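Heads up, the next two complexes both have chain A, just with different partners, chain B and then chain C.
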Partner chain A sequence: MTTNSVNYIEPTTEELSEGVRLRRRKRAINFAIDVFLIVVSILMLLPLVFLVANAFKTPAEMLSWPPTIIPRDPTIANFSAVLGETPLLRWIGNSIAFAVMSTIAIVATSAIAGYIFGKFRFRTLNILFALFLATAIVPFEVYMIPLYFQAKSLGILNSVWGLLLGYLVMSFGIFLIRQNVIHSIPDELLEAARIDGAGEFWIFLHIVLPLLRGALGALAVLAFFQAWTAFAWPMIVATTRTSYTIEVGLALFQTGFTVDLGRLSAASATVLIPSILLFVILRRNFVQGVASTGLKE
Partner chain B sequence: MASVEIQNVRKAYGDVETIKGVSVDVPDGAFVVLVGPSGCGKSTLLRMIAGLEDISGGTIRIDGRVINEVEPKNRDIAMVFQNYALYPHMTIAENMGFSLRLAKKSKEEIAERVNDAARILGLTDYLKRYPKQLSGGQRQRVAMGRAIVRNPKVFLFDEPLSNLDAKLRVQMRAELKDIHARIKTTTVYVTHDQIEAMTMADRIVVMRDGIVEQVGAPLELYDKPVNTFVASFIGSPSMNFLSGKVAEDCKSVLTENGVRLPLGPEASVLAGTAVTYGIRPEHLAIASGNEGIPITVTNIEPTGSETFVQGTVDGQKFSAQLRERLFIKTGEVLNLALAPTNSHIFDAATGMRLG
Partner chain C sequence: MLKRKRWIFAILAILPTLAVFAYVRLYPIADTLRLSLFKWDILSKNKPFVGLANFRELMGDHLFLDALVNTTIIAFGVLILTIPMALIIAALIFHRTRSRMAGFYETAIFIPHVVSLVPAAMAWKWIFDARLGPLNALLTFFGIPAQSWLFDPVLSVICIIVLCSWQALGYAVLIYIVGFKNLPVSLYEAAKLDGASGPQSFWYLSIPMLKPITLYVSVVTLVSGFNVYAQAFVLASDAQGAPGRQVRVLVLDMLENSFRNYRVGYAASEAVVLLVIVLALTLIQFSMLRERGKA
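And then the complex of A and B:
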């Protein structure tokens, strides 16, 4: 057959206009979605932008109406006051130490417990797992006071160890890792390793942990921010000025009668830096670990 | 290389016994296939040899040594799993050298043995890749490579070809057989696919419900199945069974409505005995004239090389695989001839072979 003999059927004008209409409609919907998402992101970012802007404003400008995004008369007086008069860096240091150690503890305990709950089948383990999960529905505030007395009798009040006592284990973390172990690590992988001569600890270290990297990364971010934003527990455990975490320290700017907005903003802006840095570094792990159970061969 | 002796082995989960006293001898260098339908206990038995399941009773010996209480890693076995069980975060070379690394062999030795195995399996170009970058057949080869590098006394295969497509399965079957012919390691192979069993095994162990139904060479099982279960399980398409009674002359079997089925010379049965008459579909041919077994055709499947006919004989299901091309329609009656020597007679009540 030659190309000449092919009978092309031209689309009618109606069909053409219908196509154009549909394409336009699709473009309009996409545009509307973009606009909606941009508005939502602006609404979410605006408080942070104002926070940073306020940190550079004078007290007068801060209270002026309409509020300004870019300070008319930028000043670093707030920062120098905060850094000079309060041990802000110390508080940040305390928070980082507390959050890092809590993250390590939670990742370690969740990995071990999650793996054991996921792969070792004893009836007693099921009961234990149910108990672990049950603790997730008990608010921390309920057992905060007994825990406080425990910390007191251990003599670790006003220290990072005291802070850590309430943040060593995370039942959600154990649950998350257990689900990941069940879904992404087949029994055969462990059995093959056992036949090949690997011991249980070796298997955990060299096979299970690398395969859980994504989930553990996600858990690490969750655990870090849980400790970073903890307030009630540090508030009662840390009572000396030097042992405060940043959350407790920030609360000090807000007394019963006044709020020192300038310094509070400057301190808060400083505090944002480590959080943003960590999220940027672990972003990929975070998204991966939450989005997929991964590693299905 | 070593022999494997399984003596009266039992496995119970609480009150439920899944392996009920199995005894199998695997001679040195043999390729033995455990075959049976799902849930017959074949995989459990293999896992007991591997040490992945406890043994509730009986003994298993490898190379004369009782290994009931020996840890899997000390049994000197290698196992290939259905889903390959490759470590996704390790390269092919690391996967294959894994057991040697655990055994603290030198890097040079590991590299040498991995390269040797890779050469045998045609994996040399893939050693630096990760499992997810390989096709199913290649992954299966890596799993075998991991077993080969260890140079174990016994290879254990747990349905290793089930995850492959039909064409690749045929190809891997031949490769496995070829590798066994070269390295001659004692092999225990589990499958539910009787064709795999027939084509690969030196000896087949047919299992059902936790017991061994028959052990023998593939053609022995095909020619002389001990009962109706083995007869129907081995061979594809399955053997036809017609129930009837032995005729007065003891030379034929009569179905309820009088279809006469010839008996072979070996059959020694008393007249009037209720029996199950077995004949394989491939042992039938078109009869001349009105002789032979009349089959009412319900379905015809021509494949080009042969024709598969399904239908009924005296109301009982019956099929035939014929070399000839057929020009008949469904509903018509076709007369089929058979050689009496190809017939099998089983006791109607017990299903055991009578001749």
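And then the complex of A and C:
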């Protein structure tokens, strides 16, 4: 093969047909891989597809085999029943308020701390950063019981503030922003601004923040979904029916006596569809953020 | 002078974040460690220091040991199911990066990782349902007797493993794809010139070179496996109201001890056990990485 490319010998017909054969083989392999990946993708989505389909089914159709993906006579009775029985919209509202506030808090603290840790090299700061990193591996479940008592003594149980208490800072967020600051904000730029007489706070606001827009966007999406899907903490902090987040509300609703699968599916679908849409829209941001979690080393 | 001004700015800017961090992270972590050494019950007035008595009691507590065993099985079950599948799927998606479908594959496999836990668990609950679920219907179609998936002690653990793996897979695939993208192309070209087939270069090149990523994903998967709670909660509580046969997991046992039995100190000692497990896993990861660096 190497000699061919050097000496430009005309390929013989056998070589040509060999090339055609190889190309065909390659195409067949690629086709097989595509089929396999499509099957895997569909299998991964199937439980969710069925859930949404079940939400629109009548109780009779629910029992039919094989299960239908498109309901024969779709009904919204399940949805109206759920909305009548539970404060579902209230729960969704609680979740949104909690997730938005948590996102703002995490983005703000990570932006400031990430910038300071990335660009200001003082010994005190190094020690503090090591402290932030060291606690990053401690799972939330380990310290949530003392935190619960802190929320209790602050008198913020059963409120969105109590939920927020557990989700104010994110070690990984600080780390992510610090990496970005180091890689994408040149020291010269900051020095030039300082020589021009800009104050430190002005520099942060008008130079650093705009340059971090991409990274902060990715972090915001991560933080929002983290709060939106939180379970254990809301479970212990929000214990009154009006303060539930949607996750807790659904989890407790499904233990009720009179609940059938159609209504459960309807409630679940109400939550699922917007969050999937949101994810598909923000996919790039999200993937960028999650992918960077794997690059810690 | 200038340096001093910058130092003051840095400290002032970091202070609010640091204060929040200390209050919601450092203090409760320290408090967990402290409480684990006390007989700290909500109901009793005096809360004496008891040293390691809580931990000694844990060693003989059947509910706790049951939870520990279940949680360990779940964590390792998810690991064994997820890692090989993720590696293969990521390799295939990477191979087809240029095809128009690549975005669809990535999204489809990743969606289970981002959707809320409870609705997703609900979908699986229906699949596993003994009377209505399609799984049993499928089994009986092939002449295999139907199983009561969510009530049998062994099968219900398997159900949790399947649910957790379904969710963990997307994350692992994504990290692996990033890993594949960072591998040097020249090495694969050299292997191809030497006559290596696709599967051969996957086995002899990709797997060894992705070892740090495999270690990282494994530890993340294991740690989240040890923190499993929502999945067990939803799958195990049955639709008829009675909390069915619960699959005991560590977090569940911990919360029960703290909020149902009011034994906060005892629950804290369970949290410390969880922390030790997570620390040990992380240390193993780091030491294996360092060994690799030396070799």
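The rule is short, and it goes like this: the second predicted complex is superposed on the first by the 259 of 297 C-alpha atoms of A that agree within 3 Å, B and C clash if a C-alpha of one lies under 4 Å from a C-alpha of the other, contacts with A are read in each partner's own complex, and residues count from 1 in each chain.
As a convention for this text, a contact is a pair of C-beta atoms (placed from the backbone, for glycine too) under 8 Å apart; a residue touches a chain by one contact, two chains touch by 3 or more.
Note that the coordinates shown come from a computational prediction; the quantities given were computed from them, not determined experimentally.
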Partners on chain A (chain B, chain C) - clash or fit: fit
Touched partner set for A:Glu191, first chain B, second chain C, both or neither: first
Partner chain(s) touched by A:Pro210 [first = chain B, second = chain C, both, neither]: first
Which of chain B and chain C A:Ile177 touches, first, second, both or neither: neither
First, second, both or neither for A:Ile33, with chain B first and chain C second: second
Partner contacting more residues of chain A (chain B vs chain C): C
Touched partner set for A:Val237, first chain B, second chain C, both or neither: neither
Superposition-derived minimum Cα distance between chain C and chain B (Å): 5
On chain A, positions contacted by chain B and by chain C: 295, 297
Residue numbers on chain A that touch chain C, as the complex places them: 1, 29-30, 33-34, 36-38, 40-42, 44-45, 47-48, 50-51, 54, 62-63, 65-67, 109, 112-113, 115-117, 120, 122, 124-125, 128, 131-132, 135, 137-147, 149-150, 165-166, 168-169, 171, 174, 200-201, 204, 225, 228-229, 231-232, 235-236, 246-247, 250-251, 254-257, 259-261, 264-265, 267-269, 271-272, 275-276, 279-280, 283, 286-287, 290-291, 293-297
Interface residues, chain C side, partner chain A - complex: 5-7, 9-11, 13-14, 16-18, 20-21, 23-29, 31-32, 35, 89, 92-93, 95-96, 99, 101, 104-112, 114-120, 122-127, 129, 132, 134, 137, 141, 166, 169-171, 174-175, 178-179, 193, 198, 212-213, 216-217, 223, 226-227, 229-230, 233-234, 237-241, 243, 251, 254-255, 258-259, 264, 267-268, 271-272, 274-275, 278-279, 282, 289
Of chain A, residues touching chain B in the complex: 186, 188-189, 191-198, 202, 207, 210-211, 295, 297
Residues of chain B defined as touching chain A within the complex: 50-52, 72-73, 75, 77-79, 81-89, 98-99, 102-103, 131-132, 139, 146, 150
